[in-house]
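Reviewing the structure listed below.
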Amino acid sequence: MQVELNRLHRWLQHAGKRLLVLVEGRDTAGKGGVISAISDCLNPRSCHVVALPKPTERERGQWYFQRYVPHLPAAGEITLFDRSWYNRAGVEKVMGYCSEAEYEAFLRQVPVFERLLVEDGILLFKYWLSVDQDRQEERFAERAADPLKRWKLSPVDLKAREKYREYGEARDAMFRATHSDYAPWTVVDFNDQKRGRLAMIRHLLERLPDVSVPEPAFELPPLKGKPGREQFRGGVRPINA
Amino acid sequence: MQVELNRLHRWLQHAGKRLLVLVEGRDTAGKGGVISAISDCLNPRSCHVVALPKPTERERGQWYFQRYVPHLPAAGEITLFDRSWYNRAGVEKVMGYCSEAEYEAFLRQVPVFERLLVEDGILLFKYWLSVDQDRQEERFAERAADPLKRWKLSPVDLKAREKYREYGEARDAMFRATHSDYAPWTVVDFNDQKRGRLAMIRHLLERLPDVSVPEPAFELPPLKGKPGREQFRGGVRPINA
Amino acid sequence: MQVELNRLHRWLQHAGKRLLVLVEGRDTAGKGGVISAISDCLNPRSCHVVALPKPTERERGQWYFQRYVPHLPAAGEITLFDRSWYNRAGVEKVMGYCSEAEYEAFLRQVPVFERLLVEDGILLFKYWLSVDQDRQEERFAERAADPLKRWKLSPVDLKAREKYREYGEARDAMFRATHSDYAPWTVVDFNDQKRGRLAMIRHLLERLPDVSVPEPAFELPPLKGKPGREQFRGGVRPINA
Amino acid sequence: MQVELNRLHRWLQHAGKRLLVLVEGRDTAGKGGVISAISDCLNPRSCHVVALPKPTERERGQWYFQRYVPHLPAAGEITLFDRSWYNRAGVEKVMGYCSEAEYEAFLRQVPVFERLLVEDGILLFKYWLSVDQDRQEERFAERAADPLKRWKLSPVDLKAREKYREYGEARDAMFRATHSDYAPWTVVDFNDQKRGRLAMIRHLLERLPDVSVPEPAFELPPLKGKPGREQFRGGVRPINA
């Protein structure tokens, strides 16, 4: 599938198309993992991962979508959002970080905003990664125990952990308001992360044209003379490996 | 070493320190690989990778360092430059993309500029990744043959390939002008990429304090009630994995 | 009216409101002049003038509104657009800088986009400054003759000059598509620029609440001791006036 | 002198030069006024005024000059700083907003930083606007009384008002550390603001080449047919002036 992702990216560049993928879902579901699986095999100069920090004071006084818009893909680009504007319908709703009025305004604006993007030609995909609570608990425990993963665990996560059911309800309300023909949600089961990653990437590839853009063959004519070896003049020498 | 990198990052955040790592070297040496090896295990919100595109027309009319400065690390941050201002002393010099006067002005300004950063407290490390030409040729051939790697190969690379010796000479001139007590170069042999990565990361870790910042223990009290399972109300259901 | 503008600005800041004013109209009508008349008497840290240059190559491959969105006002701010997204319905349409399809897509998207902003609470005003062609000709002649004004004259202006009628038709089509209850156009006669400016500012002020936000009285207690005089120690002395 | 400023700007654009003017001085001296006098008669697309707000939390953890660097002029541009990096040697020093160590580090770094800019070809001018305390008091009183000027008065100003002498001492220390051949200070007496403005602009013009760049003559061939008049089809009509 990595080969297919590369072919897809070449087609986007050739055709001047834009691909926008929103990755949402439960804590610990594996959003970061599937995003890396996609982006690691593509050219980082035109495949971007966007994981915005908390809004600043000034941003909180702006149009809600304002801080996301500058990151939308340009022609030939792939942009992967690790969480997205849907924060407002998930963590902000459940943890009470926005008012009821802001929440409802958001649900009204999203379909209109997304339709503008899709009508403009952006290829928009929205994935929600699901995981049962017992698997989530195992992963939280692992993060708490493993010094390599502990930075993934924040105080908000710990509070959110007790609200598994409320997150599910918020997700259902979000689907009701924002699942549309032109911007549908796709739910992928990430109880098994490896299978989840494969299912999601396959789903994405199947919905996009599989066009093989011919590449200029790279010819590497034989070098003149013997291949050189590193030689260092002056005091700087390689360290011992 | 991943554990040590995490400990290092926690110390930087705790002490408000800034770490800046410039990664330079031969084409195909493995700059991207060692940068991923470091950044993949750290929090992406405070460990940034910077790989700037070609300067725009307007940027070409600015102070040479101007477009790099906004990316310098803030307190608690690690920034890894995949290529850096040293472009001017490498590819630009060898391929004739800058004038002789610009090149010489650059070599004069670099030590002054870097001294400002170091005196301001930025922890600055400069690595140059070396590789012999026969290994480089093998890797170019691999990139040309492997559809997963072909995006790593640009027309400039193909031209540069014939200038192995000139790149070496440019590097030696660069070292003479910019290797200093406060901002020394470190050369690492990347003929074997895995050993090179380990050597470079170990070198970095050994030059920084190994301070263990105590973490708040994350407690995960038992959940009340039975763990929930994903249930979807409404039409959106998980796809088949 | 300057006092009222200041009062308005204080109210916006106090109430956390946002004011967005689009200034469009004929070449030479006096867009820059009325914008200066407003902004010159307000605090430049929260009253911004936006006059975007031509889009870059990368911006041309983005959602049309993308480069405007980052400039929308935050809470307490006034933003004045000297030309705006309506370029596409004016100069781009008349001079053929966009395709017919792009033009029509724009006219469809504008009302949806503006409704999002207005529903979000942005106070949006759209002014179109009118001028008859004989007055326009006089002003073009003045700009060509006056070395202080010559920078206002571009080669595009000279070509556009012959298309007075076409510009009028394009404006009428734009009004038909984008004049709405929630985002109406206001036409102001700028044949007499001074009267035009007054009419436009009065119109704006009358449509916004005239609320007097009480200010903390600034007390300036008498200084202790005699007022100081500038004294310069060292070699730097005032130049002769 | 406006004509000469326009001629200067045209030369900068023609020769690809960059002009950077730092305007510092006492509160109420008239920094904003002289900056407007210059910028109002120049093309705003290439003459920029920079008045930075207080640094954000993240900026405070960066290299001190980092937030100023992105605003340095590009080729053909004039940039006017309304206050500048010298804040640290003025208000921050006097009001205790930075530590003694930060202050001293700043005074050491400034000459090095400015030399980099000047060696790179930036035309750098530093003006300090002086005013005696009795005139300053009159202007403070005016600002407190005049609703049009009250936004110019901040609580910091009121506190700073009592420290006239300390500001003078800080300025002298700043001059001792940062007045150099390549980046000299020029003091201008602004007790009379009008004379001060003229003196400063004349000083600037006299130190830059007075080169007349020939302009393409703008020809305005006679229009074909009778000049048009504004006609509005549809419901939108000009408002009454």
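By written order: A, B, C and D. Residues from 1 in each chain.
One rule holds in what follows: contacts are C-beta pairs under 8 Å (C-beta built on N, C-alpha and C of every residue); 3 or more make two chains touch, one makes a residue touch a chain.
In this text the structure is predicted, and so the values were computed from the model without any measurement.
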Review point. With chain centres set to the mean of the C-alpha atoms, which chain is at the far end from subunit D?
Key: A
Revision key, fill the gap. In whole angstrom, the CA-centroid distance of subunit C from subunit D equals 22
Exercise for review: Express in whole angstrom the distance between the two chain centres, defined as the mean CA positions of subunit A and subunit C.
Suggested key: 37
Revision key, fill the gap. Between the Cα centroids of subunit B and subunit C the separation in whole angstrom comes to 43
Review point. Which subunit C residues sit where two or more other chains touch them?
Key: none
Practice item. Could you run through all the chain pairs that touch each other? Key: A-B, A-C, B-D, C-D
Study note, to complete from the structure: In the complex, the residues of subunit B that touch subunit A are 2-3, 6-7, 9, 32, 36, 40-45, 49, 51, 53, 128, 130-134, 136-137, 140-141, 143-144, 147-148, 150-153, 158, 161-162, 164-165, 168, 172, 175-176, 179, 184-189, 192, 195-196, 198-199, 203, 215, 218-220, 223-224, 227-241
Check your understanding: In their shared complex, at which residues does subunit B touch subunit D?
Key -> 16, 18, 58-66, 69-70, 72-76, 105, 108-109, 112-113, 115-117, 119-120, 122
